[in-house]
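In the two assemblies presented below, subunit A is common to both, partnered first by subunit B and then by subunit C.
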Partner chain A sequence: MKRPVWMSILIFGVIPGIFAGIQAAAYVLAWLGQKLFDGGGYLANMLTLMLVVVMVLATLLVLAERKWSALMQDRVGPNVARLPIPGLSKNPLFGLPHVAADVLKMLFKEDLVPSKVSRLMFELGPVLAFAPAFALFAVVPAGPAINWDGIRVPMVVAEPDFGILYLFAIASLAVYGTSLAGWASNNKFALLGGVRASSQMISYEVGLGLSLVGLFLAFGSVQLGALADAQTQYLWKLGDGAFDLGLPAWGIFLQPYGFILFFAAASAETKRAPFDVPEGESEIIGYFVEYSGMKFGLFMISEFVEVVVLSGVITVLFLGGWHLPVGDAWLTAKLTAVHPLLYGTVAATLFWLKVVTLCYVQMAVRWTMPRFRYDQIQALGWKILFPLGLVNLFLTGALVLIDPSLRLLAVVGLLQIGLLAALTAAAGPKKKADTALAHGGHGHDAHPAAPAAAAHH
Partner chain B sequence: MTPLAPYLPIAAVLGVAGVLAVAISAIATFLGPKRFDPVKFDTFECGNEPIGSARQRFAVKFYVVALLFIVFDVEAVFLYPWAVNFKALGWFGYMEMVVFAATVVVGLIYVWKKGALELES
Partner chain C sequence: MSVENVLFWVFALGIVSSAFLVILARNPVHSAMALVGAFFFLAAEYVLLWAHTIAVLQVLVYAGAIMVLFLFVIMLLSLTDADLQPGQVTLARVVGGASAAGLCLVMVETLSKTKGAGQVIAGEQTQVFGTLAEMGRVIYTQYLFPFEAVSLLLLVAIVGAVVVAKARI
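Moving on to the complex of A and B:
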């Protein structure tokens, strides 16, 4: 088959299909759990959403990152591992056997604890890095709560009223993991990585907290489910028919600067490029330099879990969660009339598709942007993100008070998007030589497709 | 439902997260081989013999960053309850928060001018 054909089947058929299947099963499990005892649905969701979906997605992102970096660097990427199954033993299966191979290797590798480390702190490091990252997803709703046979079936692990504060609180615990790992290793490189990581993470936490306050001002809540539902209202809409066309009050239209500030600050929190000086593999290796086997694996997987959680949070806060941009009420009514389970499954699948798209954006950012210098990271955090966050906050507050229908805020937001687009266009290639170069680069980008397709045949 | 019921799933999640993290590192400890070698178990320093210890003094700048973080993050925490009740408080609450934030901004300008934000000096 031609590459575009199977790629479109994969993107528009297989991936949504897998998510729909998982989500249908998750709703059924949550319903059964809720039927057994009150709160059983939450426990079932913890099993399906956190232990299955997020963990598997994070594990697959490790492979996706390797494949994507290979594509960016004109390589084929991981394709050597094979499954010893007749008929499949010659098929690289997109490198999927590498996921299993990686996990097995990490589990059976010697767990090397260097003799000069502080043993207890050394063991605590990966635990304190992984546990908060894993616990983060608890408050992110993956789908609507449906009413099935008189039982309210939630699609979130916990619904506390403090919502996003839980995220901030638990995310800041991850600092202990990295700084403990760096200090306990008794290694100069690890120590450097540890202090860099901790000072970078706490610097960006200020900007991270400020960047979202504008959104809370507009919607008057910090609960993620309520924030997702608040985005279904239309700012302007055409007609009052069953199917509405209009501009939804999505966070990204109301708070484009807030979105960019949050994305930048959260990327710094996950310590991914362009903010990856704590683990700059070409200079200091990082705070986990003395770890081997699965303990290093815990640091690695927690980074990818954070990528998934960040995508989920951005989806809920800025991209309408599980809602469609237009015609959401129409779809909800139609699907709920058939069966609430169908509506829940479709909505949650939509959520996961947005999450996967945002994961892809983070991969693309990582392999597009060069690494910042350490002092640049500090300057960006304190001198740009923090003051800009304050300005955005008070501007948003004034606009919400002047016009509580949020339309004025949306007008300013759309102007901001226009300004950003104009600035980006102005910063792009101007001269003819530059344009030619950009085109050459574009053609080059498409080139790695050839060896990958060849490997498939 | 007791008032504490919404927090039970969170307690469960934190428990599972802790157990999972400990279990994964414990499994790794028990499954792998153990072959002691003084060179292999030495601190990694690019293959050279380690010079001195890593338990040394390091730049005080990192300490300043931690202090600044506490000041400004506490300010951010004060903003959340205000944001949730924002529409009820109206312009009065808005001006109050402007005054509060102004004092913090004065602090930011002060540390900026003092050079506490420059790591290279």
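Moving on to the complex of A and C:
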């Protein structure tokens, strides 16, 4: 068979199938846990969602990043490692043996510790970088809470009433890992990398929080489960048939600027390109230069865990969580009538498919955009994201106050999407004459003398 | 002893020991990290007091924002032992010690006179007390004036910081 056929089977058959299987097992485990004692379901979810799904997804993203970057750069990609199993020793298996090879390399590499370092702080660095990233997923709901045999089975690890504040609190702790790693390495370049990392993360935390306040105003909650359920309402509904059709009140329609600001700020927090000045694996030296083996592995995997968590948070806040855009109520009723477990499994599978798609978007951004300069990062954070976030907040507040049904907000949101599309089209491929000038400077910080000088020649 | 009592003593011991570590550690970065530990134990005590929103704000504001800036500055300064000179009685140390003792006395006096000390949260109150919604309601109704006064104070501090920084440039 041809490659597109294989890829279609993989994307539309195998991947949803795997997620459905895992989620069905997760629901059964959570049900058993909840039956055993109250709160047991949350413990079971911690094992299945955080330890299995998020960790395995993050590990596979290491391979996915290699394959996608190879695809975008017209290279072959990882195909050398083989499993020493008869019959499979000649098959590259999509590069999957490279994951095992990576893990084995990191586990068995010599653990080097630089001289004259504070040993405790040196060891604490990777731990403090990984632990917050891993703990973030606790409040992200992967599926609806189903009612099975009179037992409420949740598909989230914790449901605190302060919801998203937990995410902000834990995300702000990740700075300790990077700054301690830079300081404890007893290396000037690592220290500079640590300072770059922590200043970038501190700067973007402000915009990160501010970009979401408009969404909280619109939905009137900060709990992620409640936010996901608030997006099932329709702004405009077509007809009254059994199959519901219309424009759902998804966060991305109500808060397109909030979505873009949050995505940009959160990308800066994950320290991936175009915000990878703190790391700069190949050209500039990052904060983890003195770390080897699994300690470096912890820094690397925490980055991929953050990618998964960010995708999960965006899915819940802006893309309706586990809900379908149209026909959600119809599907819910049909599936719940068969068995609540079936509904939960299908909904949670939908959530994970959205998450995987967003992971791909992040990978594509990472391999498309060039790296920002350090001053551009700070200018973008403080002079563009922060004021835009404030404008978005006041605009949203006024629109929600005028029209609590959110329709006015949605009209403005759709206009914003149209404006963004027009701006993107206008900034697209330029004529030859323009490109010469565009190279002189980048956007807002273009040197004022540059066009004049170019005209002079 | 109930579980809450045992946990209280565990966390209290954690607060006191990490607070001692803050002033006893020779390395300023170690001191800063010990202070972060103290903040975490304090957040745990807030949870035991049914104030879980205060606990998460404690982590968000003190551990996540303020101490990060402290650490950031400490990392860039290279303090040596000569700067610290142990065992010398200076004016700054006397004034600092006296202020700390005075603050401690005021705290003890205030807390012992506070209304509702020793109040037990039970029944329906557990569903409302300490939640984000309840905190917001109280801040924007009962304590609106102190809240606005504090935000004005912060604004003054920000303007002051900008003025000082600009004067140096």
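Methods note: the second predicted complex is superposed on the first by the 427 of 457 C-alpha atoms of A that agree within 3 Å, B and C clash if a C-alpha of one lies under 4 Å from a C-alpha of the other, contacts with A are read in each partner's own complex, and residues count from 1 in each chain.
Just so we're on the same page, a contact is a pair of C-beta atoms (placed from the backbone, for glycine too) under 8 Å apart; a residue touches a chain by one contact, two chains touch by 3 or more.
It should be emphasised that the depicted structure is a prediction, and the values quoted were computed from it without experimental measurement.
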**OP:** Please indicate which partner A:Thr345 is in contact with in the superposed arrangement: first for subunit B, second for subunit C, both, or neither.
**Re:** neither
Original post:
Is A:Tyr176 contacted by the first partner subunit B, the second partner subunit C, both or neither?
Top reply: second
Original post:
Given the touch rule stated above, what does A:Asp111 touch, subunit B (first), subunit C (second), both, or neither?
Top reply: first
**OP:** Considering only touches as defined above, state whether A:Glu290 meets subunit B (first), subunit C (second), both or neither.
**Re:** first
Original post:
Taking the superposition as given, does A:Asp161 touch the first partner, subunit B, the second, subunit C, both, or neither?
Top reply: both
**OP:** Figure out whether A:Thr270 sits in contact with subunit B (first) or subunit C (second), or with both, or with neither.
**Re:** neither
Original post:
Between subunit B (first) and subunit C (second), which does A:Gln255 come into contact with in this model arrangement: first, second, both, or neither?
Top reply: neither
Original post:
By residue count, is subunit A touched more by subunit B or by subunit C?
Top reply: B
**OP:** Name the contact category of A:Met121: first (subunit B only), second (subunit C only), both, or neither.
**Re:** second
**OP:** Across the two complexes, find the residues of subunit A that touch subunit B and also touch subunit C.
**Re:** 160-161, 165-166, 191, 195, 198-199, 202, 205, 222
Subject >> Parts of subunit A lying in touch with subunit B, wherever the complex brings them together >> reply: 38-39, 42-43, 46, 50-51, 106-116, 123, 126-128, 130-132, 134-135, 138, 157-161, 165-166, 185-191, 195, 198-199, 202-203, 205-206, 209-210, 213, 216-217, 220-222, 289-290, 293-295, 297-298, 374-375, 378-379, 382-383, 386-387, 390, 393-394, 397-398, 400-401, 404
Original post:
For subunit C, which residues count as touching subunit A in their complex?
Top reply: 27, 29-30, 33, 36, 52-53, 56-57, 59-60, 63-65, 68-69, 71-72, 75-76, 131-133
Original post:
Quick one: in the complex, what on subunit A touches subunit C?
Top reply: 118, 120-121, 124, 160-162, 165-166, 168-173, 175-176, 179-180, 182-184, 191, 194-195, 198-199, 202, 205, 222
Original post:
So in the complex, which bits of subunit B are touching subunit A?
Top reply: 1, 5-10, 12-14, 16-18, 20-22, 24-25, 27-29, 31-35, 38, 40-45, 50, 53-55, 58, 62, 65-66, 68-69, 72-73, 76-77, 79-80, 83-87, 90-91, 94, 97-98, 101, 105, 108, 112, 117-120
